[in-house]
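Consider the two complexes below, in which chain A is the common component and chain B and chain C are the respective partners.
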Partner chain A sequence: MRGLLGSLLVWLALPVLTAQADEQLLGYWYLEEGAPGFTIDDVHIGALYADGTILNLSSDGKEVSSYTSAEYSVEGDEITFIYPRGSDEEPERHPYRYELIDSDTLLYTDEAGDYENPEDAKTYYRRLPDNAHLTLALLGLAENGQLEEAELEVDSDFGERSVLVTTEDPFAQFILFSDRRQAFRGQINRNGVPVVSTVSRHLAAFRLGTAYPDEAFDEMIMIMQESIASAQKAAD
Partner chain B sequence: MKNFVKFALTTCLAFAAMPVLADERFQGYWYDSTGSEEFDLSEIYLIESLGADGSLRGLDVNVDRANGFSGGHYEVSGDRIIITYPEDEGEFTLTYEFLDENRVVYRNEEEDFQAVFKRLPEDAYLSQALMRLVDTERPLQVSLGENPSIGSIIALVSLDNEEANFEIGMDKAAVYEGEMTQGGDVLLTALHDHLLMIRTNAEYPAEQFSEIVELLRAR
Partner chain C sequence: MIKVKRRALAIALCLFAMGVSANEGIQGAWFRVPDGAGPIVENAEYIMVMRPGGNLVEIFIDPSNRMEIFTESRFEVTGKDLTFAFPDRDQSHHQIGFEGEDTLVLSSGSDRSMEFHALSGKSGLWSAAVKLAESGEVRSIQLLNGDGRHILGAPKAARVYLDSVRGSILLLGFEGARSDGAVTRQGHDWVVPVSHDVVALALGPESFLPRFERLVRGLSTR
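Right, the complex of A and B next:
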């Protein structure tokens, strides 16, 4: 899984692509519903990778969960989402016409469906902003198979949002504090090992439980930092 | 060294402010050891702060809650001490006897009362910190709990009748260091090796939090 992430970065960097063609499609897209502007409170994110895989991240304001449900392929201005079913069944295929309205807005139109109001056939996705550090961190953990559970709290003690993250290792829990208004800085060590770390200027991680292996926490911090940094790089 | 400085300091204060108050041995923090021989914050129910000026302040402890009080006083005369608690909680005339400089027995033979007060150990870091807050005479409420991530014991502190505004965590087995800020304001800081201070409530003004950090850090 980690290999996949590594190669993803290479994919993004190199212009050489497979038949998936449109590299502008690659990256993190969120479904814009309700008020404009991104928050993690109630959102669906689809991550489109160069190898045709998709990762989903959904939040209902209480829990953030990640799952893979489909793959995609592109031909011309048509994108097809392929949902695998049982091993002896043909996968479901859902084609849409896509259009990049600008580099940050993606429109899917369901031309096969029968809609009374043609607007209902349209779904708009927006590119995840590169300052959505909390979401980028969670996406990084999910890409590395580390996001087991994530409980979201709005208006937490240490910022706008906090998320209690349970990783693959059940002893390995930490809280992420997110604040896009002001910068975090510094670190608290316990016996020389970080227990509270600045992940990025908008994100701090607070390790829970002393049974949590030191290296495991360091590794999670690194995964999150890489994810945030690569989004930054892609935006620059 | 620390003890010496403290001793020298309290002695100076005693001579400067109130030479009449005879016995400077009383000054400092004492806990009622009736409930617990060795000091354990969750087992005891009273820590007192006896000031050089005859003032008496303290912390009432009830398992996982503690409340500061101030406005009491004490007076020593001969082998007797008169202790007056605030808010009409009573005036007690007792005899006292120092077993050593860290233990004093108070007795009232008529009422068959006896209590051994022990000096609050220097390494009761959390309680020492709370008593420093008691000495500010600001309304203080504390709820005590455990948080293995931050420290073995954690105190959620409310000052000035407000919502809980910060936490102090203690872990005697660990050494803490470092500081984390948010928008330049301190969010978490190692007070010293074994205490961590956390501005739990983001609404709590950073300047007030910093003042308290300075107060608790000062030796």
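Right, the complex of A and C next:
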């Protein structure tokens, strides 16, 4: 339910804000650091929402963590990232000039900083590809406040990538199996309740533990499916 | 009709000639526990599967719960006499006795007799592991979660290593729970129930999946 509600709020907010913010800015952007092409192994993702909030998702190849308290505001070609500090302190503000090089490339330039090489003031972000199902699933969970911990294993026994996800409820753990080269299908039930579900054709979820409430797992699957589906819709 | 009868006759003759049919009660899986241990399969140190046709599948279980599997030995029954033929040891001869249906007692001359217990087909993970071992394609099986940790939510689990390194099988035992359904990968079985409370998962590349499929389908139809 929460997932549905979350997206509904975003949709409602959308028409109001597009007047001010550049609609093309909205969505998921990743900082390409290593080899070209997206993987979740070593990456920073910034999600810009229509209501002015930001979600950051970072991965160091072992752990994926999210940060949700930041906001942004746009004025002309300037974007300012606002990070809250203590309750009686002014938030930190980081202004950048932004430029959409093309629909999939976003350039931030730090004009306030003093750089010997002007290129160092520039940071390029790329739009998250819509087939990054694992990342989209984790973003969906984070957006719904459900990503407490995510341990990533690359090239594990279980395939290309697996992630042990701990949600808000510490008993509600599941493992995501991701393989972009493989198509998953089907479901396994235990005593009539789903325990292994395919989230998408490249992503399967394996519920852990027995203390896990049945509806909670279904809800997580729905949140992840929705997140993947809406990225697909946006790309079409 | 006539064809079928002839065939049945042929099989009967064949079995008689091999002496195996003499004691069908001995066919199946039997386990041995160390002296003083309770007669439950969790305590087993040795399991032998006496297959129709005289094939003996031997499973040795070490203290770290690793099962080593040997399929080269044979057995032969004549009346109450049982003979084991091992490729690397001398033959051994025994007298067959039963205590009830579930306990097999093998005695040989002056030696102490050996007691074996029948492995029930309802022994969940153990039955599945032993049936896989019978395929002759399994090198070893490691029983997991002796430390109390659940593997993929399963209270009992075992990893089955095959005679090639291209893939292995994870068996997950959910006692008392009934699993159904299947998850496929590239159209091949990937996670499937192999008995009412055991689920098997293929660990390995896509090229391993057809072999996994064949092995686990053999389990559920037997």
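Simple rule for what comes next: the second predicted complex is superposed on the first by the 216 of 236 C-alpha atoms of A that agree within 3 Å, B and C clash if a C-alpha of one lies under 4 Å from a C-alpha of the other, contacts with A are read in each partner's own complex, and residues count from 1 in each chain.
FYI, contacts are C-beta pairs under 8 Å (C-beta built on N, C-alpha and C of every residue); 3 or more make two chains touch, one makes a residue touch a chain.
From a predicted model like this one, the values you see are computed outputs, not experimental measurements.
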Room on chain A for both chain B and chain C (clash or fit): clash
First (chain B), second (chain C), both or neither touched by A:V195: both
Which superposed partner A:A183 touches (first chain B, second chain C, both, neither): both
Contacts of A:L164 with chain B and chain C, given as first, second, both or neither: neither
Partner chain in contact with A:L208 - chain B first, chain C second, else both or neither: both
Common interface positions of chain A, toward chain B and toward chain C: 157-158, 179, 181-191, 195-196, 198, 204, 206-210
Of chain C, residues touching chain A in the complex: 150, 152-153, 168, 174, 177-187, 190-193, 199, 203, 206
Chain B contact footprint on chain A (complex, rising order): 157-159, 179, 181-192, 195-196, 198, 204, 206-210
In the complex, chain B residues that touch chain A: 148-150, 171, 174-184, 187-190, 196, 200-202
Footprint of chain C on chain A - complex, ascending: 157-158, 175, 179, 181-191, 195-196, 198, 204, 206-210
